[in-house]
């Protein structure tokens, strides 16, 4: 994926500085300014003005970074990778987002992501609420054209408007569809569950081009089977993974804004991701971590772990 | 189920008043006084003087109502229903219960439930501790004769007395059996687990007519299989579902008084319930939510979701 | 204050229905629709899109109402009042506020408050963040002309804009000054403390007409002395009290968005309010209760208690 | 106070076994069975069926003992005492109380306390809710005749009945007055605050013989002055101190069932107690610690500290 | 297992003293001093100076004992046992451990365990962090020679040193291997998951003689299958079970120092243990419960339940 | 204090990047590497192996930095300062400390502090437990000779050893006295309270040269009076302030390891510090913040605010 000769600058070693100390970057990685170029940039997007129920995802990026201190990262046996030795990964800091103007914030995010993507290999974004997926997909589209959008979530997020607002955390993928940002033959939702605002929701969603793997299908299909269905759907189209942490059951992710019971366990989700090894992944986001509702960091630790899995997926998909 | 011509009065719409605002009724439904008649009344029973370990279920009804704000309720794809359009559902408020006299409280609950049942289609009760099942079953029996009692719980709740008291949250189904309130050929416990106070507990329970689906049986049987066993047992007898939230694992329902590890996940429970679609259900309760031990509303949200599933079951069973 | 002959409809009695049960209105009072007219309406304004740090005050009104269940209200010895017998007080529910548009929400609040004020004696509003003070003061001004604005807060809330937005929780009193909504000879801040964004903050604030009682002045002056200073400043001008719960020390009010250490104790604040007995008070608000950061309801209980003190002040001021 | 020759058996030393380890008795003292006789017995009374709002004080004794591990106890400079060297203090365990029968529990407590008092010097009881004061005062009366009852509380606790029940946590001192258990010329309430259920409450309370030091009087009077007023009132009558932890402000004691804002700080309360040095104290209780609402043990630590102050008061009063 | 004639002294009965009251020993069992001899001693080891991330397991033993109050223990249907009637089980209190010297603490633990093992049948130890496994295995080895070590954990705990320290909670089984404390043909790790510090970790671990059942293998293998694999591996070698509570998913055990997402549910773990019925088990430990990170006791209740399962395994294995 | 010509590099502006976003340094200041030289360096010392009760202060520096995001810092009216414009302040990161070796950690801290002090104006250290005061005072002594040590704490911290260890969080000032690190004519403890391990504690402490302002003296003396006493004691000797957060009452600082009730309010402490304006201060530390026991960041916010006050004191003392 990279032609750079110098070996990547490593995260702070846990055998020199205890993991509860040292840099506050994701996985205690170098900052982007320290590396010049990186294969994967981890970007915080502390924005939650698109939230419809419990706010607080603005504190998500800091909480995920804090939880990521605890990760072991040298070797990942599920992928056979040494991700931070094979890729230069760096923390790109936070995008400044206007909390009082959704439209200005979307512009800020799109501009920051676009500029970053012209300088780094790819992005993993830490939200923030799901509103941020629109500007992120725009930036991705600029670089890759329509991506395969695989979206893990309890909710479809394809409503039209909410209180008259076109850009909220319940509407990003309707906007993305209207703009043609994703390949409607290669995209899907995973983990959808629960009742709906309207009997039309699923039909309208299907018209936008999405397929759905409902959460209850996990009752009989294991993670490997679900992963295979995703791979079939995505094929060779460059993949963008958008993961709303509420795809997890509230037992596994209480710290979120619109929890929905009867969800995935963290083991199911992690193993679905591992089942995607080799897929050509070009970016992703983890959103909706609201730390004020978390306990003992279990939600932010799940999100940090997912972000690290995404690094490995990007690495494997680029080989 | 209803002959009424006027369409049901709807809950407050989440597109007009944000879900965190507006009425504090269950699902922001109308109050009973607003509708005159309803098909399903949701009734709070804030009573916990029958508790043996952690008290606090007196705050259960308010917490479940607060969590229910968050539910989406228009269309339930698992049942193909628009429950609040097909049924008039209303919040009947709380039964005043004397916290200092178990016997008086039982009389208050029986009187309130009986009177309600003469005016509404059926009841879903929000506890409160499990003591309340006795007066509720009495009221049900008055109307339906012996019901099929299907009881989800970690515990049998068929002890004889506790500290000399015949009515506690550990004894309701012994009392109900003595009074012939349920059909002993159609009743069962689901989710029982853990060690027992006596090796006689299971034998005595069987003598009362209960069959048991132990929680560990879920290790090999999926929710659909368990649902089928329940349907076989119940047959055509009118069903009363009594759901102790501690049937869920403490990871899914920490906010309860006598938690027992190694329980059901919320997805297992919800899917067992969905597997009962079409069964003739005439009432139910959800008990033992103790909010002081909850976190981020995960227990009360589970209870609210279960209550909503019960509405759908009642609807499907009445078609 | 009222010519009505019928005695006020009382809150639900705690000797009939335990306080943890029954209506979810403020102090379990009747709803406005139940009384036709009321002397004091308690109005929820669940809006927090003007927040600059920790969001979540949208859940404030529900939390304050829930905590208010616990209040004893029949007789207040500090005022010698039986407030709910001498006044008809009712809960006016929540104003629907668009969470995605500050300007629309402000219009909604102003319209709702203005309409209410044409039908009721006065308003006590439960926020919500401090942005709501602008539309509330507009409605007050329509009825009373410029009011004496006494503002309890850790912060001045007279900044000009924040991220370009003129209406946020840090700017309401600058806007109110520009619009002439308060009497600049009769207004003051109480409880101000901590460092400032600029050395100009205090000077600019003074230009708007405010006097300041800094929190540290409480080190030497007791609540009675502070109350006397407020009374001197207000004189006979109709008083509007705007109370940001963060005027309390974080030990007394952890559940707020921009806590500031070294604040007032709840006893100091309550006793300053009691020292205002007899002042002509025409309305007020309690804002910035963010329940996700509260513990054991101590913040929402403080807010509910303050709201009840305001009812008594209104009563005493109207005699 | 004691003629015993052998030096008291000491608590487990914190320099041998870390304080977070070792016995779970109060202050890691010996159990009563280990000492035969003791000057002061610390008795747990895990009963909360008399609670009117938040239950959970049944877990109070264990929580207070756990917090007491942390106390340093060898030398108390405020009294000049080495209390556990000058007195044999021991943990008498818990009274078994029937949670389903208030009347039986009262009998159990009275019997246990009476029997203990025939074998030990005196008792400090750890509640449990305030209902327990009645049987404790009966046992005290058997031994000492009418005691001076000094009662620290936010509430009078002299209501007549609650939901028809004569024995609840809101009524103990009415019952005690009717039975003549305390000396009505030497008794008082300290810390009373907030509105009341009736304008008659204070008058009726006064008829029972109580004087009141209202909490707001602390605004101008320091702890020493309040202590002097108590000493004047008590005189030479043997003193029984009954301390409801809700006399503290919720900031200092969130873990209680009926919190009331604007209360005492822990420093004020502790210093009032220290101001009683030398008074002839013959027993006491600390009640209403509800650990489910506590945070970081601040309430139970306050209660444990108060219990230790009482040991010192008993010692100083016996010299 | 025992020749003693007198029936075992029973735990405090829950029908005489409510479970939230009475002794603070494990399951309210007698203390070791009360029984002279016991078949199984439960020993607290409050030591956490070997922790690398979140400390606090020093409070583990007290928390597990407190949670164990809640267990029902008379009859265990999964084993067909009445464990406390068939075995004398007692609480041996806590080992005093120097928090400032890992090496001294290890000596203290080894000495205490060795002495105990010369007087009792066997030990179940409650940690404390995993460092304590080394001295416990030494004591076991003195009595049984090399044991089959089956280790449930998210982590291998076979690193060499950490910050130069040979004895930490990440290194015990490397030390144990070097000392030949376990039978390397009969030992294994269960539940291992997540990325590693080095690609060499697994290879080095295998050289020490361990087999590994990775947590992800549970996706396809049920608890019975995993139990069978363990039984095959252990054969007739006396079994020592060392259970790090972080083998559970953080949803099931948030209260631990180094949580790792995607773990076992408590039902999986409990059922694996039950699948070992009949195996010859000679001792075990449950470690890494850090109560400061727990919620509603779910972690300590899981640990207490596991400890009780171990008692049953010991009983069944000795028949 | 500084001869540098270039204006200081400012913290990230809160009007460009919202305070919940952006750098994780103290007050979002530049890192030391960004400034070359600074007048005041803020240094994290994440070490808690010297703790005797609740551990967890190793997470203190990160928590204090996170809370410091919320501070307004441009102009401090109590000092009349614009501290970050008048001084270059920077975050020097964390000292790597060996958690398994107190002696090695002390060497690491001393080396790091000494090296820093040769390059920066002075240090404010964020602990960590109080053990760290010894190496910090050594580094201070190297530069300034014996300092005036003013120590805010509930405890004397002058015990000799604890479990044989000379360096723990209860012994630093005994060690410092033995080494002559402070001027025994200019040093004192402030806030001491509660019972003691021995009646000799105060006498031995006095022999080391300390004067004591007991916490209870605040009952009658205001913060200004206490500040005057400190100024009298310190005179012109360069002042080192060591502030244990447990000097605050647990209501104001629950997140600490050895809480002691009846302490200072945050307003009292902050105002004592402000009363020291103009004193010649050369360094300080804030220790014993244990975030696992904090709630809503009230403890870490107090600590961050204190650190900012110290910056202002250093500035005023250098003018």
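Things to note:
Letters A, B, C, D, E and F mark the chains as written, and numbering starts fresh at 1 in each.
The definition used in the following text is that a contact is a pair of C-beta atoms (placed from the backbone, for glycine too) under 8 Å apart; a residue touches a chain by one contact, two chains touch by 3 or more.
Since the structure is predicted, the reported quantities are computational estimates derived from the model, not experimental observations.
Hopping across touching chains, the smallest step count from chain C to chain E is 2.
Listing every chain that touches chain B and chain F alike gives A, C, D, E. Residues touching across the chain A-chain B interface largely differ between the two copies, under half of the numbers being common to both. A repeat of the E-F interface exists among A-F, B-D or A-B; more than half of the contact pairs are identical by residue number at B-D.
Chain centres here are Cα averages; for chain A and chain E they lie 38 Å apart. In chain B, the residues touching two or more other chains are 18, 20, 52, 54, 58-59, 99, 162-163, 249, 251, 265, 293, 295. Taken as a contact graph, the chains fit none of the simple arrangements: neither line, ring, star nor complete graph. In this structure, the chains touch in the following pairs: A-B, A-C, A-E, A-F, B-C, B-D, B-E, C-D, C-F, D-E, D-F, E-F.
Those residues of chain C that touch chain B in the complex are listed here as 16-18, 20-24, 44, 46, 58-59, 61-62, 65-66, 93-97, 99. Across the complex, chain B is touched by residues 14-15, 18-20, 70-78, 82, 222-224, 249, 251-252, 265-267, 269-271, 274, 295-298, 301-302, 305, 308 of chain E.
Of all residues in chain B, only 52-54, 162-163, 194-199, 201-202, 215-216, 218-220, 249-251, 254-255, 258-259, 261-263, 265, 293-295 touch chain E in the complex they form.
Residues 48-52, 54-56, 58-59, 98-102, 104, 162-165, 168, 292-293 of chain B are the ones that touch chain D when the two sit in their complex.
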